[in-house]
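Just below is one structure, and these are the notes that go with it.
When the chains are written out, they are named A, B, C and D in that same order, and each has its own residue count from 1.
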Amino acid sequence: MSLYSQLFYSSEVNELFSDENTIAAMLVAESSLAQAQAEIGIISKESANVISNCCSIDFVDIDKLKKEVKLGGNAAIPLVQQLTKVVKNQDFEASKYVHFGATSQDIVDTGSILQIAQYLNWLENKLTVLKIELMKITEKYKRTVMVGRTLLQQARPITFGLKTSAWLEGLCRSIERIDEMKKRLLVVQLSGAVGSQNKNISNEVVNLFAQILGLNPSFSWQSQRDNINELAGKLGILTGSLGKIAKDVSLLMQTELGEVFEGAAEGKGGSSTMPHKRNPVTCAAILANATRVPHLVGSMLSSMLQEQERSAGNWHAEWEVLTEIMLLTAGSLEKTTELIGGLEVDEKRMLANIEITQGLIFAENVSLALASKIGKIQAHELVEKACKAAVSKNRHLKEILIENSTEIESLDELFNPENSIGNSVEIVDAILKKYE
Amino acid sequence: MSLYSQLFYSSEVNELFSDENTIAAMLVAESSLAQAQAEIGIISKESANVISNCCSIDFVDIDKLKKEVKLGGNAAIPLVQQLTKVVKNQDFEASKYVHFGATSQDIVDTGSILQIAQYLNWLENKLTVLKIELMKITEKYKRTVMVGRTLLQQARPITFGLKTSAWLEGLCRSIERIDEMKKRLLVVQLSGAVGSQNKNISNEVVNLFAQILGLNPSFSWQSQRDNINELAGKLGILTGSLGKIAKDVSLLMQTELGEVFEGAAEGKGGSSTMPHKRNPVTCAAILANATRVPHLVGSMLSSMLQEQERSAGNWHAEWEVLTEIMLLTAGSLEKTTELIGGLEVDEKRMLANIEITQGLIFAENVSLALASKIGKIQAHELVEKACKAAVSKNRHLKEILIENSTEIESLDELFNPENSIGNSVEIVDAILKKYE
Amino acid sequence: MSLYSQLFYSSEVNELFSDENTIAAMLVAESSLAQAQAEIGIISKESANVISNCCSIDFVDIDKLKKEVKLGGNAAIPLVQQLTKVVKNQDFEASKYVHFGATSQDIVDTGSILQIAQYLNWLENKLTVLKIELMKITEKYKRTVMVGRTLLQQARPITFGLKTSAWLEGLCRSIERIDEMKKRLLVVQLSGAVGSQNKNISNEVVNLFAQILGLNPSFSWQSQRDNINELAGKLGILTGSLGKIAKDVSLLMQTELGEVFEGAAEGKGGSSTMPHKRNPVTCAAILANATRVPHLVGSMLSSMLQEQERSAGNWHAEWEVLTEIMLLTAGSLEKTTELIGGLEVDEKRMLANIEITQGLIFAENVSLALASKIGKIQAHELVEKACKAAVSKNRHLKEILIENSTEIESLDELFNPENSIGNSVEIVDAILKKYE
Amino acid sequence: MSLYSQLFYSSEVNELFSDENTIAAMLVAESSLAQAQAEIGIISKESANVISNCCSIDFVDIDKLKKEVKLGGNAAIPLVQQLTKVVKNQDFEASKYVHFGATSQDIVDTGSILQIAQYLNWLENKLTVLKIELMKITEKYKRTVMVGRTLLQQARPITFGLKTSAWLEGLCRSIERIDEMKKRLLVVQLSGAVGSQNKNISNEVVNLFAQILGLNPSFSWQSQRDNINELAGKLGILTGSLGKIAKDVSLLMQTELGEVFEGAAEGKGGSSTMPHKRNPVTCAAILANATRVPHLVGSMLSSMLQEQERSAGNWHAEWEVLTEIMLLTAGSLEKTTELIGGLEVDEKRMLANIEITQGLIFAENVSLALASKIGKIQAHELVEKACKAAVSKNRHLKEILIENSTEIESLDELFNPENSIGNSVEIVDAILKKYE
């Protein structure tokens, strides 16, 4: 990994996709194939056991393998060669049955799915943690009044909990989406050279192979790459939803807003030249990932045009890109969880900021109150005029309205932020109940 | 639409997303809002009816609206202005209640979902038609032997039905994916200026509004755009799967292969300078779409970083892109259905092509037969050598093997394509049964 | 064009790429081909003149052409058919020489380059206008002190002119880049069916054809699409640089910053529910375009893998995408020029905002002044501590420093923003001089 | 690097961008800054020398640095901390002047440009090698007749040299483009915290700094990222042009075409199950890169929207993506050079393939010959009819034409491929002369 392995990524997940673990997953596939074939009697139990015993990363010369990948064009070819040699040293007979009837792609793809299964396990656990964190702050701040902003302009008050409840909903829909996909995605690839199966790769072998691996059986998807694109796409959406959170926080952290902050840590967010700054470093990392992943999802989709029974290039184009998507998404998730867990909220500043417009953000309250009397358009125009006066004279809208003796009762209530949060609290309660 | 409106697109779907229909969908939202509010007693039934009667595209000055879009930044603002004026001409009182409590995005987004619902209806019908066409040819050609090709090289025989059964599986998984998404996607947007609802946009109003429109209720997703990205992503996958079909057909149509052809039509696929050519024009269109859509899906994901309660730019970036994805996918689907419906298959040429390698593609049969005797690696090496001899001497592999007195029985059977299709037929049957 | 034709686009440029103008450009190519061939004596001058006279958009049935595009797969095929018919009605002999020796792609591509030439002409004029506008405001505000912001945090003072001088530099480099490309891009395509030229498309014809059209001659680039990708890429960069301007303005326009504003216009930037808002509508459009174009540039690059002498799909994938890039870039340019021309700057607010941090943004001044005495790290630490005290006690940094009797002379000068703008003014002067 | 470090990449270039070399480049920047400041008298020569002596990768704890990157958000912050400590251990006074007046981005960006300069040096050398290889085969095969193919259909004869001359032209335009960009790209970044320079980063320092580094001086481009996007875009075009070559070769290598082949190597291109196959493994890698890079170029463009004086996320989004583009492009270039250097051409098969259509590809010859007698449309129709007859009766077109007593002289010449290559040879000669 690069210099930035800890800035953008999750160390745990980086490890999950290390060279060693990637090769190990392919070896699990080879071993399981032998066991499945032995179970049915295609090869002997003894041979299968020898093969399985040799399916250890310890026997693999990774550097040699990397060099040879260039010759065959994928990692399974040199791996099978190495494995066969190791088996042969132990049992000549057994060596005939290594990778028996299988094709390289069977092993590469199944290995990949095994890693994806582990990844999804990690991801779902972390998603639950973040969900709980989001529920906590949503509950905590459900009545904390702040201004809602649209097109980067102050609009009307909401509560901070309402904002985070929307983050929560986005996240929970991602959890649902990821769950729905597993039945399709977590399947074996085992169908031989051209996807037609063969004597040694019978349907029975496929079923047993799947059972051993804890995956679903499947016919060939060697050049049908929709399922892994579903994974890519759904991770892309998740990264986007996490990026949206980081975007909000980084904006709220602006010096001039100062409402919400990344948790502080020794040495964190400092600038080499401006000792006072509190940079949204974690947000920056999450946002960087959210900028990159959409293009990687597009890259996966572009590689769907796989020629005939196996592609010359587009299959190859998937490998690093799909892994990168998984790694970046994991990084974003880990960092967002850190962000939410450590979030600092300045409720006073939130209230103070509402007053910046000198009442302008309550203009709609007045508009609505007036609309029922004089019609929406007229109300809109009248209030617009009052707003312009308030701005040009740098005075509070309420004063202007009073002077213009605008016929509205209970002006004070119209200008009380707590009266302007709509159903924020009820919505938060309903959302929290839904995801309890 | 451009000069290419009929090459890349579906006329029916282009029409669905015409300016008129887009505006009409927003008017349906406005009308339903008034009706929902009347039902609850927020506004009078009379006002609601006047409003609903005015919610007709006939009253809209589209050119004016387009000009004013530039001022407000979205289509709902000038539409509401025009609508209010029309209502006011009929009933001053009612005009106070147009768009009552709603925000522009409520109308733009709900209108968009209404169009998406219609689109999905169209899409699902067409998907069923294509599914049936694919099932037909899969059944028809399930025993039609051809060569399978990997990395653009002849590999081993399959049947044409096996190939099309993989196309079918890809398509059917898309059908499943699209169906799963509808519960999340087909929801209203109605939550007022900052997503907090308000007196006139109560939860009860939202529920009724949804009920009238045949959609699900929802809290604000004004800056949570995961659902429409799910749509984009799943259409991207579908377009990719359709592109894969076109890629295969265009390759099989190559002059030197000549196994499968787009249906002929008067004037179709001709070249202005080469009267004999039979260009894969339909495939080219499907492939062009499949080249473009991945980037558009990426574009949607990039626009997920929507600031606070409504974005300045990223919301706007969605509009044309999402529509373009829907239009191109529809075009691809319509054209693929046309392609499959008219597909011409040259079974003789398929068989003849198998002989091009002078037996080389049966090398694996020999390998496997030998492997059980002398071990896989040795068998691989021996056969590799024989293959090289066959190539360098331009002779048939069977002859070389006979001369080398390779100890294999039943050579003829090993070189019979029909014996080399693995479980092609069984797989086809199983797949057809699954999707019946 | 869509509902949003005036929001994201330039009407002038939309018109430039209308169906009529696109066809007309192809007809100019056909006419010029005939003239070139007549000049050399391949066809008679009479025939050429008849052909040229018939090369008028008035004779074209555009609806019919659109329908037939679907059959041949590009617009030139039906156009040549229509043109030949028109010519034949006038002069049977001449009709033999329509599109003589050419291939469809010669006409489509040359027509496209002719439109690109017009487009670049428009673009360069508009770029000059924007350049001048940017120079004006850069000069005007070169001493206007404001705070510079990094990672969305206040950092140190700059001048507004320094900021706009960076916008200017980005723009001027784009102007330079676009100019450099013209010698490669503005070339004819004329090389016949497979790019080899032929009797009727001799090198001499190509040269004359180019001369008539005001383009450079070229050998076939029928499947070498680097030049149009250079166009796409450079427009992508321009759109990005314009988007960066809009991003800055939209952030500076935030209610809490309020330093810079889009020019006001009747009805512009209003919200249907919040009459006081001043939405960055123009910025939103420019930003939306900047979100979309990167993906379209990627789409163009993806279509570079054009098979052999003409692609089945990737050529087709370029057409609408390249046009869309040109249209969106034009829209961004026009809108940015409008934005800069109408920009409102609140110099007082700029100065006031500097005080928000109560002196914290001057911490580096103090750091640097101290560093020469006690070393950088120590200075950094000491000032960091003082900053924390200032924050926690909500007091001005200068006061804290005085209390801590930090040994710095001339504290007042260190806290004077005008003394903290570095070489802002000198840099601005140098940049303005460079681009005069 | 991943398992695939040797499949998709160049080892030399991977090494160039190793962690060590990336850090070393930043240290060169720090050292040069001190030297430049000493030259002018801002710091003492002694201090500068101590600093320069400490600017060695040997003193850096890379693991520690990677961990700390997470805190500050970029690699320069922890690097400066480590460097300052090292300097302090040697000379307390000097330690005050490490990174004096600079900002992290100055160092990260300048280090990056130094690496880019090295990269471009490598790239230009390799481009020259490939150019020479392409010129060689273009000369060698300039008269080698083969069929040209459009939309994957046989069209008309060309020569293989004509095809490779188009590859050559694409490459040479990339060489030109890359050269043009260097004046803009190879510039320093040195302008302090907010791009305004300062006392210690004066214009004079910037100029000296640039001179020491062999780069051009520049004002701040801290949030103007057009130049590095120009690099990304131009590498994207190069990768596309290389991908086009690989696309052609992989198609020509198809079993049914068999005209051109990747050079053979021990163990190369073999399949684990089909010993006879000759997979286009090198092409697959080049194509995979060409599938991925367009999206990475798009990713760079998306990150151009950098907020104010330094971005929170978009700057960060560039780092790994730009490097990845450079690495993949280098891999593609190295592999294409290998591909072209080892290309095997089967001239006999090329000629044989021309006969596959039984004369159909010469139809245009007949068309043109007839056109001058009976008009283009009639000729087209007559020949089209004859072609259909030839196809349906599976006979040679020449025979059909003779039977129909079509009035054409010298039919044999019209059906001689060597007479149908247009100006292939002349074009090749002209192109070779241009690039000599």
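Note that in this section contacts are C-beta pairs under 8 Å (C-beta built on N, C-alpha and C of every residue); 3 or more make two chains touch, one makes a residue touch a chain.
Everything numeric in this text was worked out from a predicted model, so none of it was measured.
Participant: Match interface A-B to one of C-D, A-D or B-D, accepting only the pair for which over half of the contact pairs are the same residue numbers.
Facilitator: The chain pair with the recurring interface is C-D.
Participant: In terms of C-beta pairs in contact, which of B-C and C-D ranks higher?
Facilitator: Here the pair linked by more C-beta pairs in contact is C-D.
Participant: Can you work out the whole-Å distance between the CA centroids of chain B and chain C?
Facilitator: That gives a centre separation of 31 Å.
Participant: Determine the centre-to-centre distance between chain C and chain D, using the mean Cα coordinates as centres, and give it in whole Å.
Facilitator: Centre-to-centre distance between chain C and chain D: 24 Å.
Participant: For chain D, write out the residues touching at least two other chains, lowest number first.
Facilitator: In chain D, the residues touching two or more other chains are 73, 99, 149-152, 155-156, 192-193, 250-251, 270-271, 273-274, 279-281, 284, 287, 290-291, 294-295, 298-299, 302, 311-312, 364.
Participant: Which chain B residues qualify as touching chain C in the complex?
Facilitator: Result: residues 2-8, 19, 22-23, 65-73, 75-77, 80, 99, 102-104, 192-193, 246, 250, 265-274, 279-281, 283-292, 294-296, 298-299, 302-303, 311-314, 316-317, 319-321, 323 of chain B touch chain C.
Participant: Where on chain D is chain C touching in the complex?
Facilitator: Against chain C, the touching part of chain D is residues 73, 81, 84, 88, 92, 95-101, 148-152, 155-159, 162-163, 165-167, 169-170, 173-174, 176-177, 180, 184, 192-203, 219-221, 223-227, 229-230, 233-234, 236-237, 239-241, 243-244, 247-248, 251, 287, 290-291, 293-295, 297-302, 304-312, 364, 368, 371-372, 374-377, 421-424, 426-427, 430-431.
Participant: Mind listing the chain D positions that touch chain B in their complex?
Facilitator: Within the complex, chain D contacts chain B at residues 149-156, 250-251, 253-257, 270-271, 273-281, 284, 295, 298, 302, 353, 356-357, 360-361, 363-364, 367, 380, 383-384, 387, 391, 397.
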